[in-house]
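Okay, so here's the structure we're looking at.
Letters A, B and C name the chains as they come in the text, with residue numbers starting at 1 for each one.
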Amino acid sequence: MSGQMNSGRRNTTAARDLEEAISRVDSENLGQEMMDLMARLFPICRSLTGDGVRETLNILSDTLPLKIDQVPTGYQAFDWNVPREWNIRDAYVKDSSGERIIDFRKSNLHILNYSVPFSGTLTREELLPHLHAKPELPEAIPYMTSYYADRWGFCLSQNQLDTLPEGPFEVLVDSTLEDGQLTFAEAILPGSSRQEILFSTDVCHPSMAHNELSGPILTAFLHRLISPFEHRYTYRFVFLPETIGSLVFLTQNGDHLRQNLQAGYTVTCVGDAGPYTYKRSRQGTTAADQIAEHCLRYLGSSADVVIKNFDPSTGSDERQYCSPGFDLPVGSLMRTMYGEYPEYHTSLDNLDFVSAEGMAGTLKAYLRMVQLHELNQTYINKSPYGEPQLGKRGLYPTLGAQAESPDAVTNIMYLLSYSDGSKSVVDIADLANRPAWTFTSEVQSLVDSGLLDPVAG
Amino acid sequence: MSGQMNSGRRNTTAARDLEEAISRVDSENLGQEMMDLMARLFPICRSLTGDGVRETLNILSDTLPLKIDQVPTGYQAFDWNVPREWNIRDAYVKDSSGERIIDFRKSNLHILNYSVPFSGTLTREELLPHLHAKPELPEAIPYMTSYYADRWGFCLSQNQLDTLPEGPFEVLVDSTLEDGQLTFAEAILPGSSRQEILFSTDVCHPSMAHNELSGPILTAFLHRLISPFEHRYTYRFVFLPETIGSLVFLTQNGDHLRQNLQAGYTVTCVGDAGPYTYKRSRQGTTAADQIAEHCLRYLGSSADVVIKNFDPSTGSDERQYCSPGFDLPVGSLMRTMYGEYPEYHTSLDNLDFVSAEGMAGTLKAYLRMVQLHELNQTYINKSPYGEPQLGKRGLYPTLGAQAESPDAVTNIMYLLSYSDGSKSVVDIADLANRPAWTFTSEVQSLVDSGLLDPVAG
Amino acid sequence: MSGQMNSGRRNTTAARDLEEAISRVDSENLGQEMMDLMARLFPICRSLTGDGVRETLNILSDTLPLKIDQVPTGYQAFDWNVPREWNIRDAYVKDSSGERIIDFRKSNLHILNYSVPFSGTLTREELLPHLHAKPELPEAIPYMTSYYADRWGFCLSQNQLDTLPEGPFEVLVDSTLEDGQLTFAEAILPGSSRQEILFSTDVCHPSMAHNELSGPILTAFLHRLISPFEHRYTYRFVFLPETIGSLVFLTQNGDHLRQNLQAGYTVTCVGDAGPYTYKRSRQGTTAADQIAEHCLRYLGSSADVVIKNFDPSTGSDERQYCSPGFDLPVGSLMRTMYGEYPEYHTSLDNLDFVSAEGMAGTLKAYLRMVQLHELNQTYINKSPYGEPQLGKRGLYPTLGAQAESPDAVTNIMYLLSYSDGSKSVVDIADLANRPAWTFTSEVQSLVDSGLLDPVAG
């Protein structure tokens, strides 16, 4: 088999393999497998730093080969410094009868994340400024943090706060806040090109499911499904504590990404069955945006899809990737977005909030985007003067037809007409108002017949 | 009379003459005259090649002075070769009683166009693979072709097929398929500029009316109405067999058109009274598109107008003119478009499907487009600092008015304000939300008064 | 206090002072004060030239320090010449009993503006061609002019015309039309930059209120409210007779404005409480347009706002400023636009047609636009790699919040993300879908903290 044929075959091999990978999500019930992994990770008390992050990355290593790295407290990441490492063994508030009425062991959301150590006996009036509830969702324990200011506190439901006894209270926060490490991890699948696709997700949230165990779990499974086959792009999967983690990562990889990043996505809030929500990159018209929006246009009805402009005031690590000094092509494909559901950042964002169906649907959408990135090459029609005679190549029916062109002929005609070196397969699919992935076999036929040549680069 | 005045007068003379030509369509009842010519041409059995094309061109020569040309079988047109010439004298299927139950003499659509010669006696089972019907329109004989693969066949209504007797059947296809010629024709009306406007239409369809006797007949009458007066553009009218004909034409004229074609239109499906439909050129924003869309914006209600993006998977010879190697500014102004009516490519696309009113309406629309091309020059305001004082030139009422400006003053103000060398008359009419042809006399007044000068080129 | 802090403070000082100025409009009841001035100016018989213009400018000089200038009859302004100066002492039509049935002293609209002198006795038939009424508004005296053709005439209501007695009539037009002067005025508030903002208004209309005493009065008060504080732009306020006045002004200032005009507005029809109407400049996307449209987007409901493209066939002096030789960034912010209300250019456009509330609302809108021009600088984020750590600068809550970002944090995040030197504060406010004036204190905080630096120029 000649080199040219290999090269020809390679044009759409990844796209075909990804079609197969997409079908595996349902046939192998990967949604449930992701839910099982989530149940295992859910109880761990994660934070920006500390043992919870390390334990989480170790468990994820069962699914993909993670390279785990860390930087010490004080490490400078642009305008920031890595804080002290936080670990916690126990925390409670006991009432006057000695009963643990607020108990870290029941939910790690009860402790204000990054609380400094404390023990003592307090009156009700002394305790109250340290308690945080969410009146508008009275049954929920809110999730709160104080990474960069020293304080301690407890979170509890408004219902519980309303029935707090008189006191006095015995309070223990058995935490440590000491020089240590910030831990993060990545896995890379090298492709035939140095150009990269990035998936970035957070591992710093304690016991919450949609935001944010869904992100790291889906990212791990995405790696698992892409890893078996050959592909054009290099895929990079990173698992970080939010904000400070991505800033540390950018100190090490920012220049490389500015040169090589084709597209990236922050993977967050991907676990429920809500509407697919795409938040555009800061530039708004990058390859990341084109592929995500094309994909969503053909996933479900338009009522199920929300497209949002970049918003620097809220969000995940795309806020760092898209900061003006980097301005990377990074968007975020989600289901129900952070801040858009009442259970956000509370104990009600639990394992019931997400579903195998939701996880599987989003995983398939991410695979579809990978497929489109692989397929989305630009070609030149080598027979551009008039239409090539397709009949003699077996690409056109010889009996003059009555009805509309079959889909394959339509795809061929669009590919030939618009492959002038300025338009990619997805550009052309947009002109034809059809999903780009349906063009896979016609791209291959035209390359095989010598009518299309890929544009280098 | 000075040269300058002649030049001044010439600016809008063609636009005025075309206004007169438009009025002649109704006053001379040209719709009916076109229908009479169609009745004469309808019975002829046309195909890609052969005597039917030649007879058709000879009859059209009564209306316009055609230069008829031909190229031999085997002539290479880019990726294609001219096929053998096809002629047919008779064809039938006789039942066991000897009756011609499928009879070419009753409708030339009964024969699969380009059928190879055949005679023999067949059983029902042997005959059936050679019969073609259209179940979704059971009373219609479908129109089918097999130009590039050797086969024979008959077309018949589904109703007739359902009542086909048992057989045996005597079959005759008295055709010839031999080295010969492909015939086509053109007429040119030279203008003061080498820049060309192209009208291209097909002469290869057998007995169908809307698609496609309406196109060549309207094109011939368009020539007749434009030919009496002076004009700026050179007008070229070509009559071709579809696809292979336009490819042959492009081998001879492609380079010339790439340099000189200002705008072109494929004239097809122009005979019924359905909605005006404009299919854009591949580029989508050429002079052909601007003029056609401006024209349609003011023809009838918006419900009567359909604008379509270029679609390379269906259509007429614009598929060749707009192929990426040529990428010419060629669109297509139609009424009800091919493929959009059930009778398309069947015996029901007959003389009852079209009308004198429909033909006349489309002819007027084409004349309107010619008028706009002629009018659409770009001017420079020679008094650009403030408004010129129009009153002293008799172009403005001296009594300060209460009401809105009269239309003439509005046109003058728009022409003066926007004639900065970057905007043409149609651009300016678009800004004023008014039909460009209503600006004709104000353009002339401003040129006559020296306030507007045409931009060279 | 260091120079840098002064420079830092200066960034938003004008925006804050203007917020204060806006609040003064209501707290000091300036709407009523403007109405009082209008009542004083209303009876004066103004025209293109003459004592009425001079008296009007003298009275306006009580509100702002006007520099009054004049040019003589015959002065050439591009394609125009200043006409003779017109003054009028008295005019009437007496019936056969000697009663003044049409009386200039009752309404100066009764005289056709610029009527030549006349006295004599006329029959009814002789008089009628000199009488002008408005049948569609039978109770109104129309306002009509004949600046550039010598004639005399009277305007009267259709009701009065219908009951005109038999005559004979004694007619007097005690006017003079002699070589004299065309009078106009301006006031300038120099800023730290040579770049200018222009407000231009007309002083040539006799006794009408909305069009046009509202314009000069609002312009005078705008000067009064801006003059107390320091600002970046130089503000120029000009008071002119329409068309010929602005042409004369452009002969003297056109080149300067082409180099230095940042934005300008013709101030006309600003007195009623109708919808805010913005007529764009000819270019349509100038700084004048951006600021006006941003401002209107957040003033009242969208039903109260009308945006119009530039229309050279109607309007005020923007027709001269935007003529293609100048093409200045001049739009017009109005309430109910000229020509859009039946009382336009009649005696019914009187003091009852306008209101203190309408005048005050438009004045506040103009002040808002001035505020936005001052605020609308472009900055560079000096810490562009990732988000700056706002918490350590006191710009971010240290307790990780549940709810949405407070508005201040949202503004800060948008300013930091998009301040890359290509986008101004108003551009960024548009991206955030928020009024730009709400960003004032965050711009200042970020400049003070050294995170934003203004781009020079």
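In this section, a contact is a pair of C-beta atoms (placed from the backbone, for glycine too) under 8 Å apart; a residue touches a chain by one contact, two chains touch by 3 or more.
The shown structure was predicted, so the numbers you read here are calculated from the model rather than taken from an experiment.
Peer 1: What are the mutual neighbours of subunit A and subunit B in this structure?
Peer 2: Looking at subunit B and subunit A together, the chains touching each of them are C.
Peer 1: Any idea what the CA-fit rotation angle from subunit A to subunit C is, to the nearest 5 degrees?
Peer 2: 120
Peer 1: When subunit B touches subunit C, do the two copies use mostly the same residue numbers, with over half shared, or different ones?
Peer 2: Counting shared over all numbers used gives less than one half: different.
Peer 1: Could you give the separation in Å between the centres of subunit B and subunit C, each centre being the mean of its C-alpha atoms?
Peer 2: That gives a centre separation of 54 Å.
Peer 1: If you look at subunit C, which of its residues touch at least two other chains?
Peer 2: As it turns out, subunit C has no residue touching two or more other chains.
Peer 1: How about subunit B: which of its residues touch subunit C in the complex?
Peer 2: 381, 383-389, 391-392, 398-402, 404-405, 409-410, 413-414, 416-420, 431-432
Peer 1: Quick one: which bits of subunit B touch subunit A in the complex? Just the residue numbers, please.
Peer 2: 77-80, 113, 134, 142-149, 151, 243, 246-247, 250, 254, 282, 309-310, 312-314, 319-320, 322-327, 339, 345-346
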